[in-house]
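Next up, some structures in structure tokens.
Shared chain: chain A. Partners: chain B in the first complex, chain C in the second.
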Partner chain A sequence: MYAQAFFVAVFGLAAIGFGVVVFRTSSMVRSALALLFSQTAVGCMFLAMQTEFLGVLQIMMMATEMSIMAIFMVMFMMDPGGLGGMDMSHQKRFSIGAGVSAAVIAIAVALLSDWGPAADQVPDAAAQTRALGMELLGRSMLIFETAGITILTAMIAATAVAIPVQNPASKNDTEASE
Partner chain B sequence: MTVAVVLMALFGSAWLLAVIEGWTTTGRLSLAAPVLSGLAHLGRESIVPRSPDRVFFEAAPVLLLVVAVLGAAVLPLAPDLIIADLGTGALFINAALAYVLVALIMAGWGPDGAYAMIGGWRFLGQLIAYSMLIVMPITAVAMRAESLVNTAIVGSQAGLWNIVYQPLGFVLFFIAAMALAFRAPFDLPIAAGELAGGVDAEYTGVRLAVLRLARLTLVVTLASATTVFFLGGWHGPLLPPWAWSLIKTLAVAMSMLLAGRYLPRIREADLMRWCWTLGIPLALVNIIIVGLLVLVVP
Partner chain C sequence: MTAVLIVALLTGAILFGIGLYGALSQTNLVMIMMGVELMLAGSMVNLVAFWRFLHPEAYSGQMFVLVVMTVMALEMAVGFGVAIARFRARGSVEMEEAEDLKG
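After this line comes the complex of A and B, so read on.
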């Protein structure tokens, strides 16, 4: 129990530490990968709390998501390597205020909530995975399917926007301009 | 004890692969060549480029080696010869191998070199192509076993191996595994002759030795995963279970090397197109077929 609490605390602090690095660096790749390691630490917290499926899933998903975010940040930021000494921060006072108040609210919720008694026994990993599957394909199916369709629609829409218009008129324009 | 045996099997297989790779490229069979070459790397100067991202540059080869070993840790060599028989083993191996991408992006970005960086980002494109073809065949394998536990997945193939039960899934997984291990013809991040070594380009000395060892270990891990998911794992007559696992793993790894020697390097755009327009529909068909078989055949 104490070992578990210790590891949850260590990974929690690592998550916060890497989260701070995200904003302390000017390199976009460092920033993105620091966020990845922050999220990986959250995944490790899940593992320390014996929710194996969620932990492994978190660790897996974040690797690709944050890497893809990194290349977009490199593509769209003016100083992706952070070597040009460009200051990319803005609205500092507002961000500090928002960050501090969010942290205070989160800590207050954590301390003031009645979390109920801690479970003595948790089901093993395979049983948890099964229970999660039953939940996703039962009571929560509508929510997850709706979310899935929404994301799919957004992806198709984004792709459609990214493809150049292919009608005869614009084709002629392109050829003329070439 | 189990940890030591599995690590010995892993690195021993990597060494054997290096011997055979050397044999096929130079024509000379030398058991000591990989070791001597590794020692030579240790003796050489390990140059650090002019303005590197030092953390990424140093961490990338080690991370690549660590993920290859972590992946192997959840794959059984025999019923009781496995480092960690996780309840989510089939998912965990995906999670571990996702960090191959992170390691290559770090290796590409770290040295502050153009060829390395192109190589690193190329692998991101490669992941977009192959990742679904890793995950979806494993889904079908887990469907048949009704479990994500890797020993249970091998157990489900006692009567009939998955290569026969779901041949389509095997073909897709095998190709995607080669792309994940960035072996020829999918060696786009390295691309000798085109990117001057890509992510390898700026590494020398001991760091290059770690990187090469990591690449070979990754091939063995993926061959072992192919064995566990599709070739019946430790099942086989006469020989002890661990021997069958090793024989199958080495056979898969060698077939990967062999395929790479006779195929030209694929273009990134073609890889992406074929994976998405042909590979993913086929993987979905495979899932449907396996679903029907699971429901219909007792």
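After this line comes the complex of A and C, so read on.
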């Protein structure tokens, strides 16, 4: 029990620390890597809380996602290396106020609520994965299927948005000149 | 055991706060997406903690985490699609330059 508390706290601190680094560093690659480490620490928290399937899934997904994000950061940012010392933030005071307020309210709810007795034991990893599979293909099947359709729609929408728009008028001019 | 739950909830709350700060303060679309990712990570920590310590018999809690992971992936896919379109149109993904949505 103490080991679990220790590891949840350590990985939690790592997730918070790297989360702060995301917005503190000037280099965009470092920023993406810090987010990767933060999300990996969150996955390790899942593992420490005996949620093995979700922990491994989180680490695998975030490793891929953040690698892609790092590439996009280098492609799109005006100063990806952070060498120019550009300040790419605005309304700082309002943002800090909103972030601190949200965190304080959530912390107050966490500390002041009566959560009742906590469960001592959970099923092992194999039993959990089996039960989650039964849940996905049983009671929650509609949600699962909806998520699948939503992913497909988002993939098509993202591709459609990213394809360059061809101007029909200029295309006709090109054909006429040929 | 409740102490572990509280530690996890505090972590989730602080991650959410950092993410909200990032989403509101950054001017670049990709950095805003990073803030949203942190907020979603905070919510996932809470969901896993609730499942593990309060209702380990209800697997809809884990199902909810899978839905949040799906939302994270969708946000990335659509966000990058919009970023590419914006970069082609204006040569920048700075959101301060996107005040008017006039194409």
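The rule is short, and it goes like this: the second predicted complex is superposed on the first by the 163 of 178 C-alpha atoms of A that agree within 3 Å, B and C clash if a C-alpha of one lies under 4 Å from a C-alpha of the other, contacts with A are read in each partner's own complex, and residues count from 1 in each chain.
Assume contacts are C-beta pairs under 8 Å (C-beta built on N, C-alpha and C of every residue); 3 or more make two chains touch, one makes a residue touch a chain.
Predicted, not measured: the structure shown is a model, and the values here were computed from it.
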Task: Specify the outcome, clash or fit, for chain B and chain C once both structures are aligned onto chain A.
output: fit
Task: Have a look at where A:L57 lands relative to chain B and chain C in the superposition and call it first, second, both or neither.
output: both
- prompt: Looking at the overlay, does A:I68 come into contact with chain B only (first), chain C only (second), both, or neither?
  reply: both
Message: A:S27 in the overlay: touching chain B, chain C, both, or neither? Say first, second, both or neither.
response: first
Query: Given the superposition on chain A, which partner contacts more residues in chain A: chain B or chain C?
result: C
Query: Once the shared chain is lined up, is A:Q4 touching chain B (first), chain C (second), both, or neither of them?
result: second
- line: For chain B relative to chain C post-fit, closest CA-CA distance rounded to the angstrom comes to 13
- request: Check chain A for residues that touch chain B in one structure and chain C in the other, and list them.
  value: 53, 57, 68, 128
Message: Touching residues of chain C toward chain A in the complex: what are they?
response: 1-22, 24-31, 33-35, 37-38, 41, 44-45, 48-49, 51-56, 59-60, 62-63, 65-67, 69-70, 72-74, 76-78, 80-85, 87-88, 92-94, 96
Task: Quick one: which bits of chain A touch chain B in the complex? Just the residue numbers, please.
output: 27, 29-30, 33, 36, 52-53, 56-57, 59-60, 63-64, 67-68, 70-71, 81, 83, 124-129
Task: Please give the residue numbers of chain A that touch chain C in the complex, ascending.
output: 1, 4-5, 8-9, 12-13, 15-16, 19-20, 22-23, 28, 31-32, 35, 38-39, 42, 45-46, 49-51, 53-54, 57-58, 61, 65, 68-69, 72-73, 75-78, 88-92, 94-96, 98-100, 102-104, 106-107, 110-111, 115-123, 128, 131-132, 134-136, 139-140, 143-144, 147, 150-151, 154-155, 157-162, 164
Message: Under the definition above, what is the set of chain B residues touching chain A in their complex?
response: 51, 53, 55-56, 86-88, 91-92, 94-95, 98-99, 101-102, 105-106, 109, 112, 121, 124, 127, 131, 147-149
